[in-house]
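Presented sequentially are two complexes of subunit A, the first with subunit B as partner and the second with subunit C.
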Partner chain A sequence: MTITVPVNLPTPLTLYTDGQRDVSATGTSLDALLTDLDRQFPGMRFRMIDEQGRGRAHMKFFINGQLHRDLDANIREGDRLMIVAAISGG
Partner chain B sequence: MKRNDALVISVGTRKGAFLLVADQARQKWRAEGPHFYGQIVNHIVLDPRDRKTMVAAARPGHLGPSVFRSTDFGATWQESKQPPAFPEAVGLSIGHVFWLTPGHASQPGAWYAGTSPQGLFVSRDAGDTWHSVDGFNLHPKRRDWCGDPTQDAPPDGATLHSINIDSRDPKHLIIGMSAGGVFESRDAGATWSPLNAGCAGDFLPDPNQEYGHDPHCVRMHREYSQVMYHQNHCGIYRLDDQAGARRWTRIGNNMPEAIGDIGFPMVLHPRDPKKLWVFPMDGGTVWPRVSIGGKPAVYGSADAGESWKRLDKGLPKVHGWFTVKRQAMCADDFDDVGLYFGTTSGEVWASFNEGRDWHCLMQHLPHIYSVEAGRL
Partner chain C sequence: MNDRQLLRYGRHLLLNEFGIEGQEKLLASRVLVVGAGGLGSAALLFLASAGIGELVIADGDTVELSNLQRQVIHRESSLGRNKAASAAEAVLALNADCKVSTLQSRLTGSNLSDAVAQVNLVLDCSDNFATRHALNRASVSARVPLVSGAAIRFDGQVTSFDPRRASSSCYHCLFPDASELEEERCAVMGVFAPIVGVIGAMQASEALRILAGIGDPLVGRLLIYEGLSQRWQEVRLAKDPACPVCSVVRNFHRSAQHAPA
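Moving on to the complex of A and B:
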């Protein structure tokens, strides 16, 4: 099954998308979406997920407005992913 | 770059990187940048082997760390395909890439990176892909040497820095760790041993402890590699291995008592192993870590630290309350040698006569983390 969903990016990640904030990604889990984003925009995943598979301190993932910390979170048809770069100092 | 360009001073700051470019006479300067606008650039270094490749450690505040390289003096930057990352077995993730060192002259494309928390990484393709130096990162005593990164780290994080490659032996590596101490490898990083004998560790329970020290900046002389100097949290030291000495001597005891021997950077003359410069800071009471009395001064020695001379002509006489960080002071290889330092208040200062006179090259930059000189 292939599910493609809209993804809204925070401005720091638009370094990878030529300024585009709204992109799309394919996958049935949050983890798969992030992997697909990395396929489209090489290097992007490591900026959000560290080498131990943990989300980085200031990156938050909202599926349909709900905060998800678990990369195994399911993605369904019609979902929307919003990635937020939380406040991290001056 | 232009035809008459002879020297670049690469400046890494809290909000981007800047290149200060000079002609052969070091009289005409121009500034280029910011590169990585808004990003934290801990270190940006020109490869002295090809005088073309620049490697930079950069990260925006929100995102994970990465490394970038340019072969057109910063007109374009490519992100490493595989940035430094700890092996899963270490269980840690890199907060930032702190230090970059080009490899040995006989190994074009080789680079080393030191990270926070303390990790050592190598690239063999000019920074495109990075690999763990497992001999260090997976060493069974790494945790003992480095401490707990959540408990034992300085405010900006525990770092592996001062990666020195012996010009006469590419397998001989020296590193510094804050905290952890000075460590040495004779086999290209496969095995390591502490090299801290003779160093004070005023904050350690056992003053004769083998490791756990806090070297701020360690420099091996690039021609006379048996000679090393380092600025430690607890003093200034020399190690001259000519007679087989594997013990540091505290040459900071020869500094004026009112100044002391605390600071961050250590700068060596590129040819004369007896000449070196430091930038003392206030390490009293609560460790203000600023110029002593608000009167910034470089101190230089021409006799391997046996005696020191204050070098402050042209520097602020009052209210100069800045800090010069460990990567933020360097020398070029001209004759007379040029010295450069960057301040936490965003000024770049230069001396074109080995510290006798100082000139402000640039001001109003962001907080400066690193200053490196490269010949074009």
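Moving on to the complex of A and C:
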């Protein structure tokens, strides 16, 4: 079964998508979605996940508006992923 | 309130949710605003006009020409002056009833924790992660609500943390302190002028409603503003049970309460 869901990207990641903020990705887990994003937009995953496979401190994942810290989180039909990057400007 | 204040704040008094009681709470409040840049400019003008009793303004920077594109509290005549001093002058010109004091250096260490402990609420209008995390630690430790805003390019974020509520997350639960945090400065990345006004005004709204005790503050919710498409999105925040800032403090308080005499 393949599940494709909409993904909303923060501005720093639109560097990889030619400025596009709304994209889509296929997978049944959060980790799989990030892998698929990297397949479509090479280099993007490393901006979110470090060498040890941990989520970077300044990138957060929200599935249907709910914060998920576990990359194994399941993705279901109709879900929506939003990736939020910390900003510090004032 | 005297007659002049009843007249001055009359449009607040007309609001059923607010009334005289809400306005009196504002007049009795002491608020710390860290950063008198873009966010602080908008937030301070609304806090002062709305009748916050006492404002403490902290900023160690001086007003530069490139600031005037968006930092609307400053004037050309303030170029080269300390931002907190310049903002204080504007606040007093707007509302002479408002008591204003300034901290004209970058807040760190005990200066920062002392300043936070002496107020009813803090607005984080700063421009760097180190200050954001230090303010968060001080806010949790002193149990003072923190209204957090951030803006760069066309993007804005705003939320509130209330350490008085057991369920409230803190800034560290959302974005943990880490050496790898990439500092993106307006001087390098650019910032669209009205974004800081939008987010700063939202911070003022949060502060006023939290202090007056009305409505539903953004505790547990983060609003994300995409200024290029004028789109707001909301996500829900969750307390990190392993957070070294808010979970450790809370556990410490709990164990202290239950410690044998």
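Throughout what follows, the second predicted complex is superposed on the first by the 87 of 90 C-alpha atoms of A that agree within 3 Å, B and C clash if a C-alpha of one lies under 4 Å from a C-alpha of the other, contacts with A are read in each partner's own complex, and residues count from 1 in each chain.
Note that in this section contacts are C-beta pairs under 8 Å (C-beta built on N, C-alpha and C of every residue); 3 or more make two chains touch, one makes a residue touch a chain.
Keep in mind the model is a prediction, meaning the values are calculated, not measured.
Judged by the touch definition given at the top, the superposed model places A:Ala86 against both subunit B and subunit C. By the touch criterion defined above, A:Met48 reaches subunit B but does not reach subunit C. When both complexes are overlaid on chain A, the residue A:Arg56 reaches subunit B and subunit C alike. Looking at the shared chain after the overlay, A:Arg69 reaches subunit C, while subunit B stays out of its contact range.
By the touch criterion stated above, A:Pro10 is placed in contact with subunit B and with subunit C alike. Of the two partner chains placed around the shared chain by superposition, neither subunit B nor subunit C is touched by A:Gly78. Common to the subunit B-facing and subunit C-facing surfaces of subunit A are residues 10, 12, 50, 56, 58, 86, 88-89. Residues 10, 12-13, 15, 42-43, 46-52, 54, 56, 58-59, 85-86, 88-89 of subunit A are the ones touching subunit B in the complex. Residues 8, 10-12, 21, 50, 56-58, 60, 62, 65-67, 69, 82, 84, 86-90 of subunit A touch subunit C in their complex. Those residues of subunit C that touch subunit A in the shared complex are 35, 37-40, 124-129, 132, 149-157, 174-178, 180-186, 189, 191, 196, 222, 224, 226, 229, 233-238, 240.
Contact residues of subunit B toward subunit A in the complex are 60-64, 66, 79, 81, 83, 85-86, 88, 91-94.
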